[in-house]
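Shared between the two complexes below is chain A, which pairs with chain B and chain C, respectively.
For the complex of A and B:
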């Protein structure tokens, strides 16, 4: 379980391996904010290898999206499986994020 | 015939994943309900345990959380009890309201309510019971708590 951060062109891509939950959400937040402070503005979080996101994980995505937008940047979410997409739809967070099928 | 499982957990969020896995194993006989178990039960149980440890017990490492699960042919009942003072679930705002969408509060309880057939609290508000029906005609057993 962890996060792999890569840069593809101008986009910072963060792969979430395993789960995004109360126990590791701060780590994701820290990694993204470090890059935001260094001047990066385009972010993508890739959930290709993510089994589960809890409400704390959803909350940290909301918080990051807000901070990135305040700095004039964008945050996109990619490769959500059917279960994860259901969570975003139920909570209406699919209206807050740009969700794409693949990178 | 019912299968029962009781877990007494230390108030440590790192224990949540293993506890949920134990409950899901206990439900392995519920064939044909894969997504309900994998998504609805897993998410709701995780959120209930997280709420109990972080908010109910206030992250106090001296406190504990009790999980009591009964798996019946027609339903799964999970009761999660913390050692906190309790709360009023009616005061939690709707996280899907446009003004609340970018706030963090209430999303766990909302998911429980959306994904389970029945969610109710005891009078004190430190115990939540989750009911997942496995049959359309499955009857949930209420104990007079506060439905939300």
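For the complex of A and C:
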């Protein structure tokens, strides 16, 4: 499990490897907030290689989304697999994020 | 330690016996004199005692100087009775002198070894005493103080200190002290430039004398120069390398002098016993702490479970509900409420994350829900007020609550519900068909104030089952072969729909006990309800 941070144009892309759970959510938060403080405003979290997100993981996405919006930025979620997309829909969290099929 | 010179006024028994034998055998008078008693310069007769026998006057007097190895010379005086016998008095005097010198030396050696033996006995007794103390006193500080006191007493030290290393703070802590008790609790850094810290780091004993320039107290405080003995307290586990766990210092000697290699050896032996005791004490404290934490966790678990209503005793419907936290406590909960006009309120919540933070939110949510559910008839109103009650707490902790609340109205055969992001709520109909009770809003804490809606669907109290469960129950049942964990749970309920709610919930938890994929454990909850 880990995170790979890359910059594509003006967009900071964070790839989530494995799972986004209570044990690693703070690491993701720290990486994104560091870039937010450095002035980046466009963020994308790529779930291409992510099989599972627990409720803590969802919580940190909501928190990041809020903080980025407060700074005038946007957070998009990409490459959610079918189950994860269903999870966002069932919990109505899809209304909070811009979810895109691929990068 | 060394034997002191014999006091000449007390003639050793062995010398006295030798003199008696010569007197009787050769028929001579024998006297033994010394000049040294009390340093008075007065000549004192050591043998015979006054009035022991009557000396015959006259006769030839022969004197010899007896010179024992240790102590001042003595004067041996032999007087032949009746003008002498048929022996060579000079030769007898010489032999007697030689015998007395050796006898004196033997007596001195016996006295020296007796003294040494008593010293060793005292030391062995000290080691036994320490073992007893360590075995009988549980509190480390008390045992250390008793042991240090005995060590100072037996080894003749003026002051003593026992330092124990605390790995958490990386410092040495003064656990016990003799004659400087007020310093107990003082700590020094592991890397400090003090004798105690040096001995700890190097793991080697040290004897320091004033002449060597390093004398005095081992720590920062000023103290008069004196001899110092500092030894590391080492612990060797049954398997693994020996390590230093503390330091014992002795400072100054009651009768002067300095600490010796023999003292160092004895104190090192004591320190090794103390090391084992320190480690045992640490393990004991760890064990007690773990027991305490386990008791507290069990208490917290029991308290949290008591917040949940007992489903079996709920008379508004036939219902079974079970919550199994991933830790001792968790964030899943349910609530059952008797409402006016025969209606029944059913709530299932899942606080994000688990453990104590989630449990605190759960306790807040369930108590607020009890108030608002009895106050407001519409499910959406209840969630709106719950959002108001929990918002600050949820924002500050970055948590949220997926919350489903339904009001079942048997009289009107309808079910009204508000669903704040709870993904797994269904009606299982009598024919096996299922209806998902979809989320009407995002979870509480995310949806925002005044944003809760509600839905209404038909409800057949006799045939329909209300099924709610949390993701902890189904997430690890994902097979990846077309059937999700959620579908597996729903299928289990559909197949068992004619059984009692209790039997169905039992079957679900049995199913969940056989995980198919490896995901982190989460709180698990299932609730199944059928109307009366």
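The definition used in the following text is that the second predicted complex is superposed on the first by the 103 of 103 C-alpha atoms of A that agree within 3 Å, B and C clash if a C-alpha of one lies under 4 Å from a C-alpha of the other, contacts with A are read in each partner's own complex, and residues count from 1 in each chain.
The working rule: a residue touches a chain if its C-beta (ideal position, glycine included) is under 8 Å from a C-beta of that chain, and two chains touch if they have at least 3 such contacts.
Computed from a prediction, not measured in an experiment: that's the story for all the values here.
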Partner chain(s) touched by A:87 [first = chain B, second = chain C, both, neither]: both
Which of chain B and chain C A:23 touches, first, second, both or neither: both
Which of chain B and chain C A:78 touches, first, second, both or neither: neither
Chain B versus chain C as contact partner of A:33, first or second or both or neither: neither
Touching partner for A:11 - first (chain B), second (chain C), both, neither: neither
Shared chain A surface residues [contacts with chain B and with chain C]: 19, 21-23, 52, 54-56, 58-59, 62-63, 83, 86-87, 90-93, 95-96
Residue numbers on chain C that touch chain A, as the complex places them: 350-354, 398-400, 402, 420-424, 438-443, 446-447, 471, 475, 478, 484, 519-520, 522
Residues of chain A touching chain B in the complex: 19, 21-23, 52, 54-56, 58-59, 62-63, 65-66, 83, 86-87, 90-93, 95-96
Contacting residues of chain B [partner chain A, same complex]: 13-14, 16-17, 35, 38-39, 42-43, 46-47, 50, 54, 95-96, 101-104, 107-108, 110-111, 114-115
Complex contact set, residues of chain A against chain C: 19, 21-23, 52, 54-56, 58-60, 62-63, 83, 86-87, 90-93, 95-96
